[in-house]
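In this document, chain identifiers A, B, C and D correspond to the written order of the chains, with residue numbering beginning at 1 in each.
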Amino acid sequence: MSSRHRYTLIISCPDRAGIIAAVSGFIAQHGGFIVEASYHTEQDAQRFFMRQEILADSLPFDAEEFRRRFTPLAQEFAMSWQLSDSAQNKRLVILVSKQDHCLNDLLHRWRSGELLVDIPCVISNHDDLRSFVEWHGIPFIHVDMQSDKAAAFDQIAALFEQHHGDSMVLARFMQILPPSLCRRFPGRIINIHHSFLPSFVGAKPYHQAYQRGVKLIGATCHYVTDELDAGPIIEQDTVRIDHGDTVDDLVRYGRDIEKTVLSRGLRYHVEDRVLVCGSKTIVFR
Amino acid sequence: MSSRHRYTLIISCPDRAGIIAAVSGFIAQHGGFIVEASYHTEQDAQRFFMRQEILADSLPFDAEEFRRRFTPLAQEFAMSWQLSDSAQNKRLVILVSKQDHCLNDLLHRWRSGELLVDIPCVISNHDDLRSFVEWHGIPFIHVDMQSDKAAAFDQIAALFEQHHGDSMVLARFMQILPPSLCRRFPGRIINIHHSFLPSFVGAKPYHQAYQRGVKLIGATCHYVTDELDAGPIIEQDTVRIDHGDTVDDLVRYGRDIEKTVLSRGLRYHVEDRVLVCGSKTIVFR
Amino acid sequence: MSSRHRYTLIISCPDRAGIIAAVSGFIAQHGGFIVEASYHTEQDAQRFFMRQEILADSLPFDAEEFRRRFTPLAQEFAMSWQLSDSAQNKRLVILVSKQDHCLNDLLHRWRSGELLVDIPCVISNHDDLRSFVEWHGIPFIHVDMQSDKAAAFDQIAALFEQHHGDSMVLARFMQILPPSLCRRFPGRIINIHHSFLPSFVGAKPYHQAYQRGVKLIGATCHYVTDELDAGPIIEQDTVRIDHGDTVDDLVRYGRDIEKTVLSRGLRYHVEDRVLVCGSKTIVFR
Amino acid sequence: MSSRHRYTLIISCPDRAGIIAAVSGFIAQHGGFIVEASYHTEQDAQRFFMRQEILADSLPFDAEEFRRRFTPLAQEFAMSWQLSDSAQNKRLVILVSKQDHCLNDLLHRWRSGELLVDIPCVISNHDDLRSFVEWHGIPFIHVDMQSDKAAAFDQIAALFEQHHGDSMVLARFMQILPPSLCRRFPGRIINIHHSFLPSFVGAKPYHQAYQRGVKLIGATCHYVTDELDAGPIIEQDTVRIDHGDTVDDLVRYGRDIEKTVLSRGLRYHVEDRVLVCGSKTIVFR
């Protein structure tokens, strides 16, 4: 990925001949320089998906004007589309509980400049990680979930909106979001589940894996929908275990694979590489 | 693994102190030279498992006499145990349908001397692979499964016994064995399932994987029990796919992972590296 | 990959704005339907690479006419380019020695329809694999390399041309090709080297790996150039080993990784997914 | 791995029959309960290696007395051996430069209780990471290496000894240790090298990898000896890259594989799972 100022254009529309020509023609006609281009046709859905990164400086206008001029063409092809500007960081609100391996990993990537986002706040149902988060200069907000869970989730939704969050990351949050909240922010809530879905849905997946005697365990990064652990999968990976490993060992290996899978999936999401098609994702890596 | 003449001793018994000392003392007392030794305690079951390879020439007696002399010690510790002799090849009966990628892989390993077994016959419900099997000098037996399935399975069991089969390998056999047959040869029937179990049990797992939008597919080598795709897992592995892959691509990638997983699992089984504990396996690689 | 009749257009040219628009515009103008499209800019070389698969039936002319009409545009952009027709199988001449694991793997993929090529002949410096190759109905040619090596290589080159070979595959051929032969068929000779290059160049790489005590071994599929084991790499992979593995075990694991890497690399090559840029390859998977 | 109080006994000695029996007999005779046991014979060196974990509470004496009583047996078999006590944490001194991804990873594992060691101090040739280290309550020592390098290395050696360091971890220290320092602490200095050794020894391995066009990059955790990047390898791993990845992308992927490989290798070292045999290691995972 180039670190220069770029616009990223993502499009999905009904499949037909001439889409690439129309879009790249539009860009070329204004002297636009494409640095990365990816295409995919989803056969079952007869839908076309594309993503293009264009050097901002190669165009004679800004993002706003790009959007204005592109609109007629988008309408002609019945496109769902979005143009984002690399100068404008996405805003991630991170939700955690007590376990901090994913949080530690994400915050390191953020402070080292690898994860190019703004983090307006970290929200938790426990106060344990306050000092670590605040050391980074990031506000830490403790939301009590012991007494009134529904109210707590309303507060989380309000905080997300007050902080102008683009996406919500459940970095081992350990709380099941109410369906209403899931439906309110479709494609904007990302979870890391500690199993290779669809195996071991729900609670204590490492215990389930240990009982079944599988030879690999995994983790799954997915968008949250109102059906538990059934949202579109963004990224997965597995790691080998053997008969000598206890549940504690599985949990330990699992932490590493969870970090890896969440950080990869989140990177794809942040860079507009993930397009949703029904219950599946197209990931333009 | 050494290619010299060896005895392989596998043991499972209730866990307690002194088992290793007793067994290795017995071997040392007769001058036995151990070339490989593995141990495991299954905590939940409070059971101890061990496997030892001993150089046959280092002992002053043969396998028969070893078994005779070892019996009192085995009784003292309430052991389930078995001694096999590397000079005595195991006999594998292979069952196939029309797809031959696993068969092709196994027969190559066999004719190149990598898979040290005897193959008294290959049984199939189709006649397609006769020429390829017979080119190897291995008898090919066609069992008709169209008319009377129960009779066909009786015939298969009879053939297995007539050929003194030690193990039966379902190399993409595509037929569900009746529970009675599964129960008749416990721990002796090995299947390759074309998914990463417990995901996608049953028919058309690649279609199921495609529909769910997983980012990796897998294969599972397991012992067959009377519950479909639920027997103890011997070996598994996964391979990465992406949104561009069709079901046909999944099937193609799957063939490679099936071959790999079956050949590894079968090797462990043939070398007495797999010990079953309830619904799980200990694999001393 | 679609199994329908397609043209595959691969292009490399100096990088500048408007290339995608020009090419996709040309295709769209004739109603061409693009089913797969990939792009890459090699920054150091300031060179642009692209590959497009177009449905043949969507165009009003054949491959010959496509090439004629495309030529002016290709000249304008100073393109190196090639259009191939999926109806026209590439012709692979396979060279082997005594070890047959790669040959066995390739021939199975060929006879099962996975590897869509013609194999006009298999050439070997030993007669051992004649029966296996001939069982497939493929001519087997034994070239004696004991007495006059230079003459033998001349004979191989002549056979390759007589059989109208497109590519030559060294499937563990174990003979070093003379530089003149390498230069005669640039980008058309594919080798599988049994190490993770650039580690362990030359002879006995598994022994070298064993001596060094590495924890993974690998294999490398590459184009042959006149510098030993230094040609552009198409595909590589590694597999974990440990201290318990002997050189024989490394050789055994190695066979599996060699097969996998060669078959993948060869597939990319056959499907025109590999474009060479200096000493490196672009692989549009 | 059990979290109970254990003694870990590691042994290497000339290979001969009866070693396992003698050692396990000694342990059994005092009622010792073995929870993990591993053995290996290095054929070329004719040397035997073993590792055993024994429950401390199952023995009627402490570590000191174990050592006293075991000495005669150790002498009889000419053993190099060591008994460590899980109640006694090893002391790791970590050396870093400016890049903190490995440090961040190790400190998280330490503060979450996964890495069971004491960290008496972190030493760096830059002051950048002071705040992060001190947040953990660990002393941070800045050693100036700009003016007098030899004096700086003497200071590092002195600090290591003053802090009673057991092992020194070069967590991307980016300075080549003088041979005298390497020889002073054999088997006690651990480095993470950012390539898959023996490929790309020395400086800028990711640039070297990019130039060569390899399809995977790797990292290597090894003991430091007086020959650069040539010490015994403890752990390695690789990750796939492709033509689209820039050197910056390689560096980014590399950070993840470096963290993983260093933390695994260090864990093996800390748990006495690594035994050195010449230029190779035996790793009892």
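Assume a contact is a pair of C-beta atoms (placed from the backbone, for glycine too) under 8 Å apart; a residue touches a chain by one contact, two chains touch by 3 or more.
Not measured: the values here are computed from a predicted model.
Taking the mean of C-alpha positions as each chain's centre, the chain lying farthest from the centre of chain A is B.
Of all residue numbers seen at the chain B-chain D contact, over half occur in both copies; the interface is built from largely matching residues. Centre-to-centre spacing of chain A and chain D amounts to 36 Å, using the average Cα coordinate of each chain. Between the Cα centres of chain A and chain B there is a gap of 41 Å. Those residues of chain C in touch with two or more other chains are numbered 36, 244, 246.
Residues 17-18, 20-22, 24-25, 27-29, 31-39, 41, 58 of chain A are the ones that touch chain C when the two sit in their complex. Remark: chain C residues 1, 3, 36, 100-101, 104-105, 108, 112, 114, 131-132, 135, 244, 246, 248-249, 252, 255-256, 260 touch chain B in the complex.
Residues 40, 42-43, 196-200, 211-216, 218, 232-238, 242-244, 246, 279-283, 285 of chain D are the ones that touch chain C when the two sit in their complex.
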